[in-house]
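In what comes next, chain A is part of two complexes: it sits with chain B in the first one and with chain C in the second one.
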Partner chain A sequence: MQLKKPISGPLAAAACSLLGALPSAPVVAQEAGDWDIDTSLLYYGESDGRVTDVSLDVGVRRALDEDRAFNFNLTVDSLTGATPNGAVPSNTLQTFTGASGNKSYTIQPGEQALDPTFLDTRVALSAGWQQPIGEFTRWNVGFSSSNEYDYLHLGVNTRFERDFNLNNTTDYVGLAYAQDDIEPVGGAPIGLSPMLAERDDGDDDDGDGGNFRGGGDQSKDVFDGLIGVTQLLGRRDLIEVSYTYGQSDGYLTDPYKILSVVDPVTGVPVAGPVGGTPYLYLWEHRPDSRTKQTGFVEWRHAFDRDSLALSARYMTDDWGVDSQTVETRYRWNINEHSYLEPHLRWYTQSAADFYRTVLFDGDQLPEYASADQRLADFDAYTVGAKYGRRTDYGEFSLRVEYYRQEGDPSPGSAVGDLAGFELLPPLTAYIVQFGYKFRL
Partner chain B sequence: MGSPCEVLCETDDPRLAKRIGNFARGEARRVDLKYSRYQPGSVVNAIHASHGKRYRVDDETARLLDFGAALWRLSERAFDLTSGVLRYAWSFDQGKVRSDISRIPELLKRIGWDRVGWQPADIILPEGMEIDFGGIGKEYAVDRVADWVGSQTKCPVLINFGGDLRCVGAPPASGAWQVGIESIENFGKATKRIELTSGALATSGDARRHIEIDGKRYGHIFDARTGWPVANAPRSITVAAPTCSQAGSYSTLAMLQGEGAEAFLDAEDARYWCLR
Partner chain C sequence: MRTRPAATILRLAKLASLVAFAMTATACTTVQPWERDLHARADMQPNAHDAAIDDHIYFSKEASSGGRGFAGGGCGCN
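Moving on to the complex of A and B:
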């Protein structure tokens, strides 16, 4: 059966008689897009010509229905600049050998030793699937990978979430496993062996540095377990508590970081060995296992118009690093279309047991040692804000943040000449991120 | 109304929200009591009790009867306010279908708007026939509440009576009300999401109630001319229109087209979503 002519006119007339009048506004209804696309371009720049990162991120989420969704994420980082190699400043010129052994760089007297050969492109891909199991349980499964010229990460993760107590409580348990392959340029160095002098290019036909440093390729396994609970406290408050246990095994050393060996009285670098650099530098060496435990608590509160999130994190590991983070975000909904979200973060950590600013000539060589400033005792804070604006075409956002990290510039190991240098110079960085998200 | 009714209201004035909620509840109850055959004092029962004699209805009932008559004409007699007696041949109880096909010929004699004497505002309903406002009452109540809300406030309100809904304004934050269309495989879960900025949405079809006879799939909407459910109709039809009464009429009439539901809605240039 097919009706002979359109009925819209007579139907509208009938509805008008029924209701007395019809609304003047036309109907506006459209099917919401299934694809959520979230893109951002981030600039991260450290002061004093150190690391600059330009990062492009594209996230895609496709909801199949209310509970099932697929997500995919691609990040491309372009890193340039210089990074501290671990050596301390000195009153003389210092010459270091690049990792591949066929390029060296020189640091001026009194300057922080930065390795200028740091240049990298990182591509990271991840994907995930969310699926309900029954009415109150969800299951997530995902994989992650990233690739740099000397690094390959492959990981899998899974997470169960369960709602109960009339959906006022959600608990979750997650597991993640990753296997990372590290293929350092020139091979991984033998821990605490001296940095060798630049060698003749002719030694290395293929130009990749081969296994110049003797340790070849390395790998590590990382396992993380997570349990947590989210609890609604009335209409306006929500609290989340979680605990993470992380276990890393394998090669955890930074293959490009060294330590200076100095005279214990004068602080002057000691001469290098035959076949080594003019001064003596030893490749760092870390334990091949690390156990981390992290406790996290976050409180979120909804005001009439705005909202506030406040979180604290405590991490402790068997390397002797303890860290605390306190972070807060306040979302100020300026009007219907825009918001401003100030952000404050404070961080402090204690040094790893094997962290050394320098090694002293004549002392017994420790089993493990690293001068990596990321393992030092330091405090850091981040101050920033994000502004977001919704339009008919999607949401635009701009985030600007300032980061500052300060350690003890003159630790106890600052003997002799070293007392005149900033051994742990403060680090400042700016972050500018432009985001655009939309639905298709 | 036999189904959950809700009103969503975006305001920071609790008294206004309460006033809107009270009106909506009152109106839903009033329309239900007045037009349900299950309510002893309803207009429907009064008409049935007139035993074929002339009965004068009030103005509101007259308008509803006129609207039903218009749908009967527009559907070429497939929609009929008097088709409710088919429940004696077909019943869908708790997911189970009982049918007594042998009763259909007899029941068809008790169906037909052309057998009803209707001269507004007097109705003569022949003995044995019944009037059922089930197909239009809920949508009418939604429109009544929406019209009242529009006269009271500028704040965005969504009136949803059992899935037939109409909005007055849209929430500024997202620009639209997010309305899910229930999945036909996964009850209680949305399969599509509609962003409603202005107007109404009505859905016809109930995936939980259907029958199969000789491999043919039948829904729960009856063709008043045959006494049979419509074959090969979509399992769910959602239509957007300026008012809920129009949207509901479109979704019901489209369902009555069976196989041709989409073609009908396309020809009407309607905005719709069919699930098959």
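Moving on to the complex of A and C:
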């Protein structure tokens, strides 16, 4: 889309006003006694029959006065589809055992190994309270929670903000702590132990698999510290810079992901052990600690009618993942009732040190290994746009986006038969979001 | 592993130049309360609702999360 050039000068502004081209200018602070309600229905669908998510999101904000406000957010996600289990394709039929041990599934020769046995509903609830402390300082406190059938997240967070320099500068510092409980179907697997064959289980009445995989329930603790500053750069520009330090400890492995073990010359999967699947697959294993550091900068510019936001993020962690994200949105205020907002996002990450597409038979087992595509070396981009229309009943919006993730499809570990397969197939997804925002 | 640092550094350098230019051009300016009409516009405010939705999608599909604030909770395993 061609961006409109900014119109500058009082004469131009006056002309625009006369023509009604300037959008209405709502004030930042909410009026006391208002309930602001922001709702959306989201569809996220991946190609090739992979994950589909339908999500309902309701956010409520109530301002009691200029500085005191309460907010509440509810999200309900319904996930269906199939997700890569981590195994590589093969020229033979591959049979895998579901996490509960009660079901198995078969993948055709040459096909990507997708686990079709998951179906999940996630409910997330969060709330926050903002309270002034003195004239120029605000204190926010909140909690977050989310629940899936095998996962419970509980967290608290707090943030102090201080305005100074005639409110041209706001600095902030925040802390968040979360405690997550993971109760995987079939129990957490023992890291790098073989996938067992389907069992005939008369004992497991509720179908949750008991502790079929031996590792039982697990937990993790996540701590985040945040510091940042927002600075006005004149009448039209604003910049925000922040730094986040994150520390996770505990069970950080994905309990449903495996790795194939193949012959180092032919690339053919090797036979499984007695009591195991026909071919050998090992449950992945990640370190039990992760430290992440993230730098973020965003610049926003107001044109007479439109606005532009540009942000960049750099993340590095002690797993060997470095990532960069650049994102921009241009808000084209078509008239006082409607707008169009094109959006571009570009992302790149390096692989985690322990990322492997496969493990080779005969090699010494590494301490940690994962074939999870999310820890691979890849680039991703998002292209989309949002259209919004204000009416007497509130604001309606429609957002459509396309997401694509692409890595090296045939990395160095593609030996023998594996050279003919896409070991890291691209991921594409469409995102469609209907929004309705209103004030009571 | 693929090589990409040159392109990334170029992009970040361009962004840094833009930010540095903006800061230099306006460093001595203090925005007075009556000059905040543009900053007060709704489209100049961050959209927390959409940002939270995007954060959860990317948290579930990539190895990074957060930046704008705290990352959301959940497994994101699928």
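Methods note: the second predicted complex is superposed on the first by the 404 of 440 C-alpha atoms of A that agree within 3 Å, B and C clash if a C-alpha of one lies under 4 Å from a C-alpha of the other, contacts with A are read in each partner's own complex, and residues count from 1 in each chain.
The definition used in the following text is that contacts are C-beta pairs under 8 Å (C-beta built on N, C-alpha and C of every residue); 3 or more make two chains touch, one makes a residue touch a chain.
If you're wondering where the values come from, they're calculated on a predicted model, not measured in any experiment.
Of the two partner chains placed by the overlay, only chain C lies in contact with A:L233; chain B stays clear of it. Using the contact criterion defined above for the overlaid structures, shared-chain residue A:D392 touches chain B, although it does not reach chain C.
Once chain A of one complex is fitted onto chain A of the other, the partner contacts of A:E336 are limited to chain B, with no touch recorded for chain C.
Legend: residue contacts after superposition of the two complexes on their common chain; A:Y347 is shown touching chain C, with no touch to chain B.
Set against each other, chain B and chain C touch different numbers of residues in chain A, with C touching more. When the two structures are aligned on the shared chain, A:T266 is found in touch with neither chain B nor chain C.
In the superposition on chain A, A:T428 makes contact with neither chain B nor chain C. Contacts of A:E66 after superposition: chain B is touched, whereas chain C is not reached. In the superposition on the C-alpha atoms of chain A, the part of chain A touched by chain B in one complex and by chain C in the other spans residues 23, 25-28.
Chain A makes touch with chain C in their complex at residues 23, 25-28, 38, 40, 42, 44, 51, 55, 57, 59, 73, 75, 79, 81, 83, 118, 120, 122, 124, 144-146, 148, 150-151, 153-155, 157, 165-168, 174, 176, 178, 180, 182, 224, 226, 232-239, 242, 244, 246, 254-256, 292, 294, 296-302, 306-307, 310-315, 317, 319, 321, 323-326, 331, 333, 339, 347-352, 374-375, 377, 379-380, 386, 399, 403, 405, 408, 427, 429, 431, 433, 435, 437. Residues of chain B touching chain A in their complex: 12, 63-64, 66-67, 70-71, 73-76, 78, 140, 143-144, 147, 150, 172-173, 175-176, 178, 180, 183, 186, 189-201, 240-243, 245-246, 249-250, 253, 256-258, 260, 263-264, 267-271, 273.
By the touch rule above, chain A contacts chain B in their complex via residues 1-4, 6-8, 10-15, 17-23, 25-32, 65-67, 304, 336-337, 390, 392.
Interface of chain C with chain A (complex): residues 1-2, 4, 8, 11-12, 15, 18-19, 22-23, 25-27, 29-33, 35-45, 48-50, 52-53, 56-58, 61-64, 66-75, 77-78.
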